[in-house]
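Per-chain residue numbering starts at 1, and chain names A, B, C and D are given in the order in which the chains are listed.
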Amino acid sequence: MQLGLVGLGKMGFNMRERLRAAGHEVIGYDRNPEVSDSESLADLVAKLEAPRTVWVMVPAGQPTRTVVAELGDLLSEGDLVIDGGNSRYTDDRGNADLLATSGVGYLDVGVSGGVWGRENGYGLMVGGDAKFVEHAMPIFDALRPEGPREEGFVHAGATGAGHYAKMVHNGIEYGLMQAYAEGYELLDAADEVTDVGGVLKAWTRGTVVRSWLLDLLVKALDEDPGLSQITGYVEDSGEGRWTVEEAINHSVPAPVISAALFARFASRQADSPAMQAVAALRNQFGGHAVHKAGPTSGSGETT
Amino acid sequence: MQLGLVGLGKMGFNMRERLRAAGHEVIGYDRNPEVSDSESLADLVAKLEAPRTVWVMVPAGQPTRTVVAELGDLLSEGDLVIDGGNSRYTDDRGNADLLATSGVGYLDVGVSGGVWGRENGYGLMVGGDAKFVEHAMPIFDALRPEGPREEGFVHAGATGAGHYAKMVHNGIEYGLMQAYAEGYELLDAADEVTDVGGVLKAWTRGTVVRSWLLDLLVKALDEDPGLSQITGYVEDSGEGRWTVEEAINHSVPAPVISAALFARFASRQADSPAMQAVAALRNQFGGHAVHKAGPTSGSGETT
Amino acid sequence: MQLGLVGLGKMGFNMRERLRAAGHEVIGYDRNPEVSDSESLADLVAKLEAPRTVWVMVPAGQPTRTVVAELGDLLSEGDLVIDGGNSRYTDDRGNADLLATSGVGYLDVGVSGGVWGRENGYGLMVGGDAKFVEHAMPIFDALRPEGPREEGFVHAGATGAGHYAKMVHNGIEYGLMQAYAEGYELLDAADEVTDVGGVLKAWTRGTVVRSWLLDLLVKALDEDPGLSQITGYVEDSGEGRWTVEEAINHSVPAPVISAALFARFASRQADSPAMQAVAALRNQFGGHAVHKAGPTSGSGETT
Amino acid sequence: MQLGLVGLGKMGFNMRERLRAAGHEVIGYDRNPEVSDSESLADLVAKLEAPRTVWVMVPAGQPTRTVVAELGDLLSEGDLVIDGGNSRYTDDRGNADLLATSGVGYLDVGVSGGVWGRENGYGLMVGGDAKFVEHAMPIFDALRPEGPREEGFVHAGATGAGHYAKMVHNGIEYGLMQAYAEGYELLDAADEVTDVGGVLKAWTRGTVVRSWLLDLLVKALDEDPGLSQITGYVEDSGEGRWTVEEAINHSVPAPVISAALFARFASRQADSPAMQAVAALRNQFGGHAVHKAGPTSGSGETT
């Protein structure tokens, strides 16, 4: 089928490729004219035949909300907008209601798979009305991995359910990564194990901990043994925070996901005010030596 | 090749099957005569041709140490003992030294794969001398999964390295399981997602969080939707504790693995003395109502 | 000076007593006529001489917002409203703006001290304009503990700062209580220490961990040795959640405060869906026995 | 009474002062002749009248064990050794048994109070036989704070109980300090609160979180506003590790104390291998930019 695709970054670009390889007609729009198939959102909409389906794949938050609002002005009754970005699920109701005033449908889709999705397919979690889901199913079938539909696709519930599921997916992802990372650090610290990379590789088949993330960690260590080319500075893009906030909203204990989130926060601190306070306290009651700040001292070094 | 196998429980029994299917001659010994191929350890040793290789697959701790010591008395120079159980790595040095006094070799092997190993193969992490590893390689090759040897087998280092790697493997496993579990609970608590099992199944292909553990969780939910047939009481078998203790020994932060361990401890408490203390404190300073203990009140219920 | 006081529950009632003991004229209003000095909010306002100061001490959220809005209708230019409840700091800007349209001032005050405040005085954290702070200072001086003003009172910043400081105060409180509680549980579990209550009491002077909360824990154990009259079911009233959410907003690691919050969530669960999932996973891969749910089984008991 | 005191460092020196001020005769020994009252352990013992009481106040572990063993050789039946250092409680049984072979008694004493103990008195937790406790009571009464004996002293149980209680005391201390520290960092990060030091000071009277540690944090901030003279590098001296290990031994959840311990570990890392692994994973699956290590990049800085 024909699809308009707004946003041709790392994810959108690859999705266009996968969809075209599956025989769909994709007309893309991106502010970058080198990758865009149309000159503007209006031009994109004009190039599509009604009823139109437009997939939005731009950064979450204001950028997505803005594109959705503009599409609300450009599209017509019977058209459909799909937000495939990492929007917070709380944005979906507003988007759906806004589009509904023009008779335009809305689906929220969580998309997982990263840069490997073009080749492997993308895991898809969809929220919204069943009739819209059915309408877009050829697109979902092309994007999702080979195999039974239900192993790479789910209609998770009403509006917001797709992004909610993707949020939790990413929260879990934080926990999984941190679990492997702690184990890696311990193997690395211990004298007993002399082939850390070999141990991780030996876990990739048959073991209880085998997973795609483990495969990627093995690949990373193959490319950069000891990870000497990378610092332990880790960004977070929102879903982990939202997951912990949702856990709080529902009184669900989330010690692992929150610990993974806080480890990222700490990884980005040149120095920790909290640990300065602890050091100050130890100095106060015990006369314990402290590491004085100074022009020649780095984080964590004595002077 | 010929192998003596001591311990024919869930793991040992399946390993014997897999080894025999691969054409090896396995003579097993177990206290349960229904599964045993020999009448005693001495009988087992007598049935093996020198140089003998005996794989020990009995519970960690005293049972394993006892069997190893008995084998030290029964075996001769040039024989080899392999401890494939979940022994703490600190036991390995003692075992190896004890056997060395009789000229008997020793390998420690971490084995992962659970009840599925018979079919899928077992991930193997081996510690000890290279000459012993080479000698037992036909056994390792039969036990490990199909595919490149290094993706299911590693000679991780000297004596103790195999069990060390297995210990960390299990520590990671605790963290992974808890991460999925927290996400599952949140999906379950949220109104937005109406098909929790479907969401988990849709993650099994293409997504970043796909893994064998996820496959198992999907299977568990297929068999028992809502997990209504199971209570949240979770045992632990030692490796998670040892992992946290090793992390402490090496000053490695392990917030996720320790959180997963503590969640298991808490799952087994009918009531928590710590939370009784917190409730008592809130009552003391704020006059907050407490839940009084009584004959008709269960854990977590008001009276 | 003269003060109107809305809300005569555990906190408001005691504050009225303390203020009156200090010579202030307090006219209270509460829906409960047995403790109220006036028949309605309107009656309360009518009884006060301009410029009026009305302290609101009702539950946070909608109740407080409603009372503030009603006071906005009843009060006049030059009057002052003080919200001394545990409102979320994000409510304060709205309250202040609403009252400002009538020329009425607003202060937000975090009040700590619980039921002991009547005797010991209350710690006060105030947000808002300095002129209003100055106006209400006689009230603050009467409510705060004896001693230097700055050791029981702070003008913490502009509107919202008082409740922000109180929120963090309570977040810290969660962490402190959980720290003592974990230590208490460990002492209780260990055979080595035969006089747990005596140990806690011995910490109340001279030690590094001495504190008011410790005094209260000692008192609780004196009154109920072994805490046998209380279950470990712990409510939370919002500030701990908000603290963790604010920590997330500011990318501040909060492992201790969040752990304390999650321990409360877990304390209220009859069974944990997360731990059911972990139990199910262990059963899937290892054939580990599970605790089956059933009519005769309680949480944490085998069947 | 007369007391021999081995070890005149920060703690021992101050304790000698306090004991002498209370009228006791203290003969000290330290390797540093400037503070020592005797030339050797043997000289110290020779200077004491039987039955002798010798208090050992040297670093925990091998130094203490060595001094105790030497005293076993030098002392006679009816004498008493008191280990007042931060020894692991597991050392006490061995020390007591060793001394018992010479008929020498043994007490283990946890001492809290830091450098302030000289003035305020020390909190004392004692393990061992009641007859030895009674014998040394004049010393304990002089060292403990003014007030009822049970508020600064406890005979906690048999041999080991004193150090066990001190271990838990310090574990709690870790949690308390981290709770205040997290709150401090959040106050510092928020725009709402413009007088962070003032807020902490206002908590020192009347509030629920008032404590001696809070007083010290206020003092530290008075001396160094913003803590600009100190880095967030925090040592740990063992008791926190032991507390977590004991919690594991007893299956007691210790999320707060362990989080506080791990925060210290992390504070000492120039870079975190675990977070390098997480960064590498994000790069692998998402093409997320990483911070490359390089000669000009510091921890946590982009290049």
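Definition applied: contacts are C-beta pairs under 8 Å (C-beta built on N, C-alpha and C of every residue); 3 or more make two chains touch, one makes a residue touch a chain.
Heads up on the chains, UniProt names are A, B, C, D = Phosphogluconate dehydrogenase (NAD(+)-dependent, decarboxylating).
Treat the numbers as computed from the prediction; the structure is a model and nothing was measured.
> Using the touch rule from the top, work out which pair, C-D or B-C, shares more C-beta pairs.
By number of C-beta pairs in contact, C-D is the larger.
> Using C-alpha centroids, which chain lies at the maximum separation from chain D?
Farthest from chain D by mean C-alpha position: A.
> Is it true that over half of the residue numbers where chain A touches chain D are used by both copies, so same, or is it different?
Same, since most residue numbers here occur in both copies.
> Using mean CA coordinates as chain centres, what's the chain A-chain C distance in Å?
The answer is 37 Å.
> Per the centroid of Cα atoms for each chain, what is the distance between chain B and chain C, given in Å?
Each chain reduced to its C-alpha mean, chain B and chain C end up 45 Å apart.
> Quick check: how many Å separate the C-alpha centres of chain C and chain D?
The answer is 32 Å.
> Among the residues of chain C, which are close enough to touch at least two other chains?
Those would be 114, 178, 180, 182, 185, 189, 208, 213, 251-255, 259, 262-263, 266, 268, 272, 274, 285.
> Mind listing the chain A positions that touch chain C in their complex?
208, 241, 244-245, 248, 251-255, 258-259, 261-263, 265-266, 268, 272, 274, 285
> So in the complex, the part of chain A that touches chain B is made up of which residues?
The contact residues of chain A facing chain B are 89, 112-114, 117, 120-125, 127, 144-147, 150-158, 160-161, 164-165, 168-176, 178-180, 182-183, 185-187, 189-190, 192-195, 198-199, 201-214, 243, 246-247, 250-257, 259-260, 262-263.
> Where on chain D does chain A make contact in their complex?
10, 114-116, 177-178, 180-182, 184-185, 188-189, 213, 216-217, 219-221, 224, 227-235, 255, 259, 263-264, 266-288, 290-293, 297-302
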